[in-house]
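You will see subunit A twice below: alongside subunit B first, and alongside subunit C after that.
So, the complex of A and B:
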């Protein structure tokens, strides 16, 4: 296999893993807690912009950058997105599912418009460039560079996965699922639905912010058009295809859907002449839509489906059974 | 009045009921839904250790009264006191901390969770319900969880559902769901339990189990407040019965006295009867 192919494979997987992070955040919000967030792009954008501002070198005519280390940027991006999620949650978490969806959609649109118009902070339509890339010193060696980047993302995803698994299999995760299934009954058992929902929403939003930061640093450049509702749609498609309520499904779905996306882009480039390609690109969305329909028809619980999550403190025999049907939601 | 003649079973007056201190008190409760006052100036008190019945024709406002006492609804007027403290403005999730638990007329199991997990959810003050504890004090969380599992299994045994502990709650029958709900609220160790029609739709065999379990809980010191249409069950269990009609307190007394009260008969059958 040629070096270029391996490097491309690494590149592809690294990008897919940044989506996997978003998907893990959404799985906590929707898969575990039943919070219908259709403003994913907004929270991802906050993480990306905050991290970019914190880590880029000082730029004339724009706030910052502060030239801080990349880890500070990632952490700052995640915390900022978590904070915004928390504040948004305080205002909207009591809303019924459909209203929460409208509210989050509006917030994402507002974030995107801010990114577009707050030129002194975000660089406006030109975005922010020269975002420091991990392992930039190795950029001369494409194979090593892409392998190191992939390794970094694998570690981040793995840590997140382990942390989230620990949480969803804890009494905390059990309360989330109880609230998702029947809020009134959970209240009668003394569980403050608002508090737990807010926690899940803020953590999920923070994870999306982390994904935004990771993606921004990997690509090295961000612009407002990266954070259109299309991104939200993609992440939802990934979770539905992989299996809502299942962290492994979230990761698998991200890789698969990103694969479909990348392959269909290559196919469109090969099949259509350049004059038609911009229009033909819409086919990508159609293909993802067909994939979602196919999964919903053939395997409504997603490829992996929700694992009946039991406390990790219980004997494992209880935890292995998979639910046969999808949740009636 | 349904089945009056069959209610010759003696109302067993629990000794504690007579002098027990007031545990839950409703004072002039009212709630307005648009033009309807579903509960209209209702007062009653549940004494410590007592088994109190609440009866009344359909639409009398019994479940609404329960929802008010359990905090699921906020009263338009009046107050709710638990242990002498005014809790009228507190939410449903704070009632269990005051020692008051409830079940629902139509059972509300967490359908996709296992029977055992349903019961575990009732546990109060778990360290593992705080996010950081799961990372910083894993051993404590695990220890508490083991204790909780032991207790949950004992409760499932108590309600005869042990054999179903790993099944999702959605597979349970209506009567089993009522039993599961009872075990789940017992996990929270309430001092008073509001039971909303525990006998409705339950087959006779399971009904005996439910009656016997409620009796045992009361004997163990739990105060029980019971809505029930099955007068035989009310007569067998309750020492005192409150009758509600049209959102108001109609009368109260022993099951036998209440069953003979002309006002009660009229409320059930209407003036034309």
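So, the complex of A and C:
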């Protein structure tokens, strides 16, 4: 095993984990609450751009570059994305379910357009460069550098996972699923469906923003074309393949689909001659599309299905349900 | 204000209107927002391109421009076949994907997601076959005719406008004056009840797919003729189409056409007054305003 191979493995996993964060955010919105967000790329972009603006050094000809610490950038990115999600949710969540889909689709297009056209803020088509990278001091040692980056992402994903698992099993999480399964019944129990949905949507959007910030700092450069609708589809494929409603499924799906994506890209590079490669790349996207449809038709629950959870204050029944429902592999 | 905005806006709007009618019909009868509708547009346009080129190879005379227009007989002949092919494609996708999900009583959102997967697959395959390079039906140049008042339009653009209006009237008559139109309205009103009183719901669904696909094909060919053909041409129209369908009120054919024209005019105005780079934001802003102020659209009924 050469050093390069380990470094590449770390790089691959680090990128996959940034997708896993997006997937966890989507799982809260869709998997737990049944909210269909087709604008993931937009929320990720908001997180990335806000964090980049906050942390880059002052740049001539562009707003900001406030040079703040990276943690502030990540937090700011997540908060900005959460705020935008909240506003979109306010507008559409009380309407029919697929209006949210259309509105989020529009948000992603609008964010993309702003990133492209608001040159004094976003750098326009050239994007923003020189985004500070975590552990930049170690950049001379590629192995250590990539290991540290991977460790940082692992910690972030782990913290998010534990936090979300806790949320999902809390009374709050149970209300979300109750609303998803039977809104009328939840309403009858005095739960405001709109409010809970809105909270879940905003938190999920914030997590996507965090993913965007993490990705921006890991790569060190962002441009509008990083946030095309393709990104949204990839994250959807990850969650559906991994198993929506299951946080572990979200992480597994992200690593798996990103792996398929990377392998198919390598295959295309090996099989097709360079002139045809751009064209063959569209086959990669077709694979994602077929995967989404096939999983919906053949295994709607994904690889890891949803785990039934009930209140931990019902110990005996909870124990029984756990054994009865222990995941069918 | 330049009066040319009116002409540009109406012509783009007629195209949006045709596409939006397909969206609004499938939406009101199949009850989900079909994100793959835009790919029917793209497919129709490319099918017509392939057929028209094939006809041109068979007989070069078919490519000679017809009267004042930029295309020869090959295009209308190809268009009719392309409509049939687009209809078949829509039925095939329904049989393989949506029909099965419907039979399983999947939720609306699962259908929407499936339409996403289908759109992704179709678009990428089209891109693989036809490459992402822009293509054109013809390379003929057209001189824009003066219409008076400082407005100009090419014969192709005027034809598109007339054709769009004729199709809207035809679809409206079909829905309001024929038996199948009555069945369609019944199913959109209440599918279960329509089934109980003997309406063949499966047949209605087939007719809706065919109708939506044919209109999408025509809109796609128009977009290809007036602008160019690209694998993403349909995808880029998706937001204006949804904005028009929702602004018009889901299920309303005249509403979809009127809203299409409004979106087209608003875009043309934005290009003139604000700048071309913000054109794509117009549909989004209209969408947000409708959802804020009148979620059921101009001619729709409020949802219970």
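Note that in this section the second predicted complex is superposed on the first by the 306 of 329 C-alpha atoms of A that agree within 3 Å, B and C clash if a C-alpha of one lies under 4 Å from a C-alpha of the other, contacts with A are read in each partner's own complex, and residues count from 1 in each chain.
The definition used in the following text is that a residue touches a chain if its C-beta (ideal position, glycine included) is under 8 Å from a C-beta of that chain, and two chains touch if they have at least 3 such contacts.
As the structure is a prediction and not an experimental result, all values here were calculated from the model.
Colleague: Check subunit A with both subunit B and subunit C modelled on it and let me know: fit or clash.
Modeller: After superposition on subunit A, subunit B vs subunit C: fit, no clash.
Colleague: Does subunit B (first) or subunit C (second) touch A:188, or do both, or does neither?
Modeller: first
Colleague: Which partner does A:293 reach: the first (subunit B), the second (subunit C), both, or neither?
Modeller: Once the two structures are laid over each other on A, A:293 reaches subunit C alone.
Colleague: Check whether A:285 is in contact with subunit B, with subunit C, with both or with neither, and answer first, second, both or neither.
Modeller: In the superposition, A:285 contacts subunit C only.
Colleague: Look at A:63 in the shared chain and tell me whether it touches subunit B only, subunit C only, both, or neither; answer first, second, both or neither.
Modeller: neither
Colleague: Is A:106 touching anything from subunit B or subunit C once the two structures are fitted on A? First, second, both or neither.
Modeller: Only subunit C; A:106 stays clear of subunit B.
Colleague: Tell me the contact category for A:267 with respect to subunit B and subunit C: first, second, both or neither.
Modeller: It touches nothing on subunit B or subunit C.
Colleague: Given the touch rule stated above, what does A:175 touch, subunit B (first), subunit C (second), both, or neither?
Modeller: The answer is first: A:175 touches subunit B but not subunit C.
Colleague: Would you please give the vertex angle at the Cα centre of subunit A, with arms pointing to the Cα centres of subunit B and subunit C, as a multiple of 10°?
Modeller: An angle of 80 degrees, rounded.
Colleague: If you take every C-alpha pair with one atom in subunit B and one in subunit C, what is the shortest distance in Å after superposing?
Modeller: The answer is 9 Å, the least C-alpha separation in the overlay.
Colleague: For subunit A, which residues lie in the overlap of the subunit B contacts and the subunit C contacts?
Modeller: Common to the two interfaces on subunit A: nothing.
Colleague: Which positions of subunit C touch subunit A when the two form their complex?
Modeller: Residue positions touching the partner: 32-33, 35, 97, 100-101, 106-110, 112-114, 116-125, 127-128, 131-132, 231, 235, 238-239, 242-243, 246, 277-278, 280-281, 283-284, 287-288, 291-292, 295, 303.
Colleague: Going by the contact rule at the top, pick out the subunit A residues touching subunit B in the complex.
Modeller: Result: residues 163, 166-167, 170-172, 174-175, 177-178, 181-182, 184-193, 199, 203, 306, 308, 310-311, 313-314, 317-318, 321, 323, 327 of subunit A touch subunit B.
Colleague: Per the contact definition, I'd like the list of subunit A residues that touch subunit C in the complex.
Modeller: 34, 36, 38, 91-92, 95-99, 101-103, 105-107, 109-110, 113, 116-117, 229, 233, 236, 240, 278-280, 282-286, 288-293, 296-297, 300
Colleague: Under the touch definition given earlier, write down the residues of subunit B that touch subunit A in their complex.
Modeller: So the residues of subunit B touching subunit A come out as 70-72, 91-97, 101-102, 104, 108-114, 116-117, 120-124, 126-131, 134-135, 141-142, 145-146, 149, 165-166, 168, 184-185, 188.
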